[in-house]
Amino acid sequence: MRKLIRRTSRKAGLPPGSLVHVGERTVDKTQISVLDYAADHIEEAVLASADQCVAFKDKPTVTWINIIGLHDVDVLQRIGECYGIHPLVLEDILNTQQRPKVEDFDDYLFVVLKMIDLDPETKEIAAEQISLVIGDNFVLSFQEAPGDVFENVRERLRSGRRRIRERGTDYLGYALLDAVVDHYFVVLEALGNHIEDLEGELVEEPDRETLHSIYTLKRELIYLRRSVWPLREVLSFLSRGEARLVQQETIAYLRDVYDHTIQVIDTIESFRDIIGGMHDTYLSSLSNRMNEVMKVLTIFASIFIPLTFFAGIYGMNFDYMPELHWRYGYPTLLSIMFLATMGMLVYFRRRKWL
Amino acid sequence: MRKLIRRTSRKAGLPPGSLVHVGERTVDKTQISVLDYAADHIEEAVLASADQCVAFKDKPTVTWINIIGLHDVDVLQRIGECYGIHPLVLEDILNTQQRPKVEDFDDYLFVVLKMIDLDPETKEIAAEQISLVIGDNFVLSFQEAPGDVFENVRERLRSGRRRIRERGTDYLGYALLDAVVDHYFVVLEALGNHIEDLEGELVEEPDRETLHSIYTLKRELIYLRRSVWPLREVLSFLSRGEARLVQQETIAYLRDVYDHTIQVIDTIESFRDIIGGMHDTYLSSLSNRMNEVMKVLTIFASIFIPLTFFAGIYGMNFDYMPELHWRYGYPTLLSIMFLATMGMLVYFRRRKWL
Amino acid sequence: MRKLIRRTSRKAGLPPGSLVHVGERTVDKTQISVLDYAADHIEEAVLASADQCVAFKDKPTVTWINIIGLHDVDVLQRIGECYGIHPLVLEDILNTQQRPKVEDFDDYLFVVLKMIDLDPETKEIAAEQISLVIGDNFVLSFQEAPGDVFENVRERLRSGRRRIRERGTDYLGYALLDAVVDHYFVVLEALGNHIEDLEGELVEEPDRETLHSIYTLKRELIYLRRSVWPLREVLSFLSRGEARLVQQETIAYLRDVYDHTIQVIDTIESFRDIIGGMHDTYLSSLSNRMNEVMKVLTIFASIFIPLTFFAGIYGMNFDYMPELHWRYGYPTLLSIMFLATMGMLVYFRRRKWL
Amino acid sequence: MRKLIRRTSRKAGLPPGSLVHVGERTVDKTQISVLDYAADHIEEAVLASADQCVAFKDKPTVTWINIIGLHDVDVLQRIGECYGIHPLVLEDILNTQQRPKVEDFDDYLFVVLKMIDLDPETKEIAAEQISLVIGDNFVLSFQEAPGDVFENVRERLRSGRRRIRERGTDYLGYALLDAVVDHYFVVLEALGNHIEDLEGELVEEPDRETLHSIYTLKRELIYLRRSVWPLREVLSFLSRGEARLVQQETIAYLRDVYDHTIQVIDTIESFRDIIGGMHDTYLSSLSNRMNEVMKVLTIFASIFIPLTFFAGIYGMNFDYMPELHWRYGYPTLLSIMFLATMGMLVYFRRRKWL
Amino acid sequence: MRKLIRRTSRKAGLPPGSLVHVGERTVDKTQISVLDYAADHIEEAVLASADQCVAFKDKPTVTWINIIGLHDVDVLQRIGECYGIHPLVLEDILNTQQRPKVEDFDDYLFVVLKMIDLDPETKEIAAEQISLVIGDNFVLSFQEAPGDVFENVRERLRSGRRRIRERGTDYLGYALLDAVVDHYFVVLEALGNHIEDLEGELVEEPDRETLHSIYTLKRELIYLRRSVWPLREVLSFLSRGEARLVQQETIAYLRDVYDHTIQVIDTIESFRDIIGGMHDTYLSSLSNRMNEVMKVLTIFASIFIPLTFFAGIYGMNFDYMPELHWRYGYPTLLSIMFLATMGMLVYFRRRKWL
């Protein structure tokens, strides 16, 4: 199973602004790709070194720099210096155990959020931290590992769609947030299907495996909730339009993402409620089966143990047992046994055990 | 069982305002019907094409356009253009996975809510999204499927009732909201009866079926709660009278619907509490029966197993077993067995097992 | 058991202000009684028709009109017209499924609350809706059925107590609210005693009946809570003194009723907590008894089944079984059996099963 | 067990300000003791009659009058008249079912709170209502029964400690509140020890008694919580310094008591959480033991029932049973039985039942 | 197990400001060490007596005085007098049962918080109270026992790091808070690993030990939560920058610690949720195993008890039992028994018991 908590302990006690990467190293070399565009122009580049960022710094166009891999602290430091980013922000970007949050500095907005994916095999959730720094003419996005949900945004930029190309960095920031939140629905859909499968099992034949699945699902939802819940505040802040960088026209779009986030949270809460109910149902279902097993045992034991006793009686070797010598002793006993058995069966049927 | 979540995933990553229908296609062709009225005039029409809407656009009368079936994105787009509706609103109308909400644009109010129905057979809740766009002289209502709870409103309009015919679009909007909320009571009543039936079963003879019903009911109430709860905010906003389109005289009516919504939510919460208690009771009830089964088994086993042992003793073939040759060995043993049985029965009665 | 929800469904879809009685018809004819008083004067009357109300309308004295029975919609309509009451208020009075609430119209206060009673036999709660309309010189009180908790108030009025006779309609309204809330304590006391009885059963001999009682109690408390909780807001509003009709001197008294309501709610919450604990205790208690039953079974079976086996061995008919022919075979076997039994008993005692 | 609710029902329906004592009569005669002091002077007295209070009324010194026993309504009424106390306040003093609260009248502060004690034998909580009326030059304290936690305060006054002797009535009021809240810690300590004892039992040998203790503890904590929780608001109000009677220098002290109250509430909540967990643990512990009992039974039954069957086979009296006449039939059978037993034991060990 | 509550009872009833140490005595002699620094200067000293503090009082440099051991009330009193600290603050420092809190006096800030550690063996949490008094040119830190998490801060001071050496007392205070909160992550990581171990056991072979561990973990988390939760308010207050002593530049750093505290609280809540789920899973897991045990028993009993009965029948000694004399009686019976056994096995397999 996924670790409950990442190793942050080695950061303990370091001075603030110490750049220490908390998380796994996923790529050999930090990848820096740039998308620089204006309404009538677009340029793509892969940077060999962080120092090349300077070239884009004072351009009036919108520059989107996407950084993949956070283990190389030097690269981040240089980008940070280039764009004048506070050391505590860089520290937060590196610490992938962050809670989603937004911070409004004078020159830029800093947004942390979680990109979620579901392993189709193990049904485990993988979360990757995405940090966005949105300035007047640049957007920096930091990812832990290759692979993201932004391909559609890139396509829209490349294909020259008017809205995204003409608007500023706030709209690009919105587009990235929207892509992340939209992907939550994909994950929720998969989880919903998984829950429905479990419900089927629960009704038909619950076993150890079902129990384990319920437990894991519960755990995953706790994690998912923790990753998404604080996003509500982030989007609420952004869509209130108090940040200088968010333009009036973008607010309606941000409000739309806010609505989606609420929907995601609602759905997570529903799933949690449903899974809570599944646990009770599982236990009741087990009790039901135990009851059935016990009834079978009781019926067999209650019928045959007394009969065996009677057979035992006439297996005794006393010298004087007159019944043994009666002509009809044996058939009489068999008849009594048959009647007793019938009586028991009627009794059990009356109690609805049969 | 109803799907936990609708397929929204194919929307993921599309640009905002992309019109994609999320939901099932229920009709072949989108149906557009118009009810245009003033205090002294009423006109009904079924439109062959969305373009015919334009005819009503600048009339001073109130125009209620009801659209059934959301799969045909073109139709919606044309209506949207005709009445100047924001693309994000159209997107929300098409995405039937919306949370109830209200949005106050300058020219119109946009309201999303859920029309609820209960399948009398399966006791499952079916929710259909109703979107209302309330402008100065028009009300657009969008439904997913044919069949609604607005027939009474139409009747009142046709029969020329003064209040509804003389007042503006805000009153018509209120009337539609009221019809939807009133129908919730019908559903709650049916659910209440279903819960009472289950309570009966619980006391008398709980079985697997009962467990399944409790689980399903819990799940349905989670869904119902999620569909109704946000309506509270919607009606709270409308009845505060802050929206330009809501006139002073309509506020008292909206406050009335608000009260009804609170009542619905209260009832749902009570039902949830009651069902929570049913689960505990079910498990206790099973334990009770297990106890009874176990007592029967224990009584039979505890009486007959020792007796069988004694019979076994005198069935042994040792050469020297003096008791076997006593004249009264057999009746003595029978008497001892009888007394032991009596003793056991007294013991069990004292323990209240009999 | 009491119905979970009253039939409100036939109201669904009717235009607002439609006067439809939701509830049971309890009297043949609606009873209208009047108590008209001032500091030095009191007059009592039973009105034959609702139209007679007009006579009291413009008197400067305080007029308390008590209406019992809500099925006769005409009567209400006429009273409503006489005192200028909004149709939506009349509709609320007739719908006895209302939530407690207060509404401040310009000319009068409208208060809805629940009068609670406990059936001493079935321990079921009966709630009757009381609606109060408090104007400048009149108080209208509407009851569903005969019998109320206002007899003390009437006595005080008749006996000429200064405070109640000299003060205005707001003080009479307070006196009626106070009488209803005071009666909640009577109900809580009875419920408290019932819970204590159940606690006794729980410790001594819990059975199916106990389980059923716990379940019913839980259900009744859910209902009670729903009936009383919103009263908190009602009294909080009234005791803030924002309503024009509430005079300064009455506020201290209303604050007192508010305190009592909080006390009632606190007690209900405590009862709910206690009953939650009873359910767990019941299940644990059953498990305890199951354990005891199982121990008895296990002790008997574990001692006698092996012994029976040994008796069975020497009951076999092999030609060559040397033990059978030993002189001391039989007593030796009996001794071994005795020792084995002792060993088992020691073992069970060590495990604290005996 | 302590009654869940005191008899308030006979108050129902009485006019407001009716002085009715709700609670038990604990002393024959209401005791009134006076402590009158200033920085350089202290005087103690026991009053024979309530009328003697008048003597202290207009003195500039601080007069602390402590009244024990509330059954004598006359005494209270006279004291009330002497110090000009509102009838509703006197009613609240007499009704010992009050919720802790503070009320700020113009001339005095009225504070109700609960003095808690724990019976060391039964571990049951006894709560006594303490009412304080704090005026400009007097403090009235009302107790239900003799015995209180104020002895230390009296000692400090007598011994002439400067702070308490020089400050006014607000400081005395603080000292009394502090004494009550400090005593809560004594009770919590005793409860903490009791919980730890129960935890020990839970791990070692949980029985019926443990279950009963857990249930009682839960109930007591519900009661304790209800008694202490509202005190938070009381002290929050007092320490905000809005009341005219609370001087600036006393606020820091009241804030200190406020902190202690929060600590008490925190501790109660923790205890409640812990006890919730104990119930689950108890049930799991029982299940564990049931599992063990069942394993013993199953092992015995599964080994000896088949063996008995084989012994039964060769105890049959068929004429033609060749095995019976084989020379090594008996030892062969014994060997087979021995091997079968060994096989079963190995199987059970593999399943970890042994 | 750790005591649920420390002995505060002997403080009950003492006058406010009475200095009584609540907690354990951990060192023989209170240790007082001083770190006095400015940007270009640092001096370390161990004070032999509290009176030596005076020397540092009026220096413009930052003086950090760390006091270890709180049993010596005299020492504290003298330090308190030297720096002008309110007696109630000293009382709070000595009472190690405090809730984390911040108090803003005019001349200094008083902060109480908990330093947490986890015993790697018993997995028990040890909390030590840290009190900070932050003045204009001094920081006092009080610890209960030797050993702390501040070594890194001391190192940074000694090594002359510019930021910490140049800034004032508020930054030092921040550094100490940060060190404490950073260490929480170390504890959470260890707890996370412990929970994962338990999850492993839960799936494989849950036993009594597992139950005990779950219970202890639950208890520890309740305690941890209580220790950390109020810190949220402390840091929220400090990072709002309302306190005079907190400079503008330090606020960003305090906000960072605030974020970390929220993360800690989030993680604690997740852990609590997960452990709640573990309890249910444990019980279900036990039920699962009980089911298996019962099935084994039932299969054995249901097969062999009937067979034994048939063997018993032909072990009877009736004179007239024709079957006994049939040539093929014995093999016929054996065949019937074999077929019956096969039938039972098929039946059990169909029920999925095998």
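Letters A, B, C, D and E mark the chains as written, and numbering starts fresh at 1 in each.
Criterion: a residue touches a chain if its C-beta (ideal position, glycine included) is under 8 Å from a C-beta of that chain, and two chains touch if they have at least 3 such contacts.
Bear in mind the structure is a predicted one, so any value in this text is a computation, not a measurement.
Engineer: Identify the chains in contact with chain A as well as chain D, in label order.
Structural biologist: Touches both chain A and chain D: E.
Engineer: Quick check: superposing chain C onto chain D on C-alpha atoms, how many degrees is the rotation, to the nearest 5?
Structural biologist: Superposing the C-alpha atoms of chain C on chain D needs a rotation of 70 degrees.
Engineer: Measuring centre to centre with CA averages, how many angstrom lie between chain D and chain E?
Structural biologist: Each chain reduced to its C-alpha mean, chain D and chain E end up 26 Å apart.
Engineer: As a quick test, compute the distance in whole Å between the mean CA positions of chain C and chain E.
Structural biologist: Using C-alpha averages as centres, the distance is 42 Å.
Engineer: Spell out, as numbers or ranges, the residues of chain A touching 2 or more other chains.
Structural biologist: 283, 287, 290, 294, 297, 301, 305, 308, 312, 315-317, 321
Engineer: When you draw the chains as points and link the ones that touch, which shape shows up: line, ring, star, complete, or other?
Structural biologist: Shape = ring; chains linked end to end, path closes on itself.
Engineer: Provide the residue numbers of chain B that touch chain A in the complex, in ascending order.
Structural biologist: 1, 3-5, 7-9, 11-16, 86, 88, 91-92, 97-99, 101, 205, 207-208, 211-212, 214-215, 218-219, 222-223, 226, 279, 282-283, 286-287, 289-290, 293-294, 296-297, 300-301, 304-305, 307-308, 311-312, 314-317, 321, 323-325, 327-330, 333
Engineer: Chain B touches which residues of chain A in the complex?
Structural biologist: Contacts found on chain A: 149, 151-153, 156, 161, 163-164, 175, 178-179, 182-183, 185-186, 188-189, 192, 195-196, 199, 202-203, 252-253, 256, 259, 262-263, 266-267, 269-271, 273-274, 277-278, 280-281, 283-285, 287-288, 290-291, 294-295, 297-298, 301-302, 305-306, 308-309, 312-313, 315-321, 352-353.
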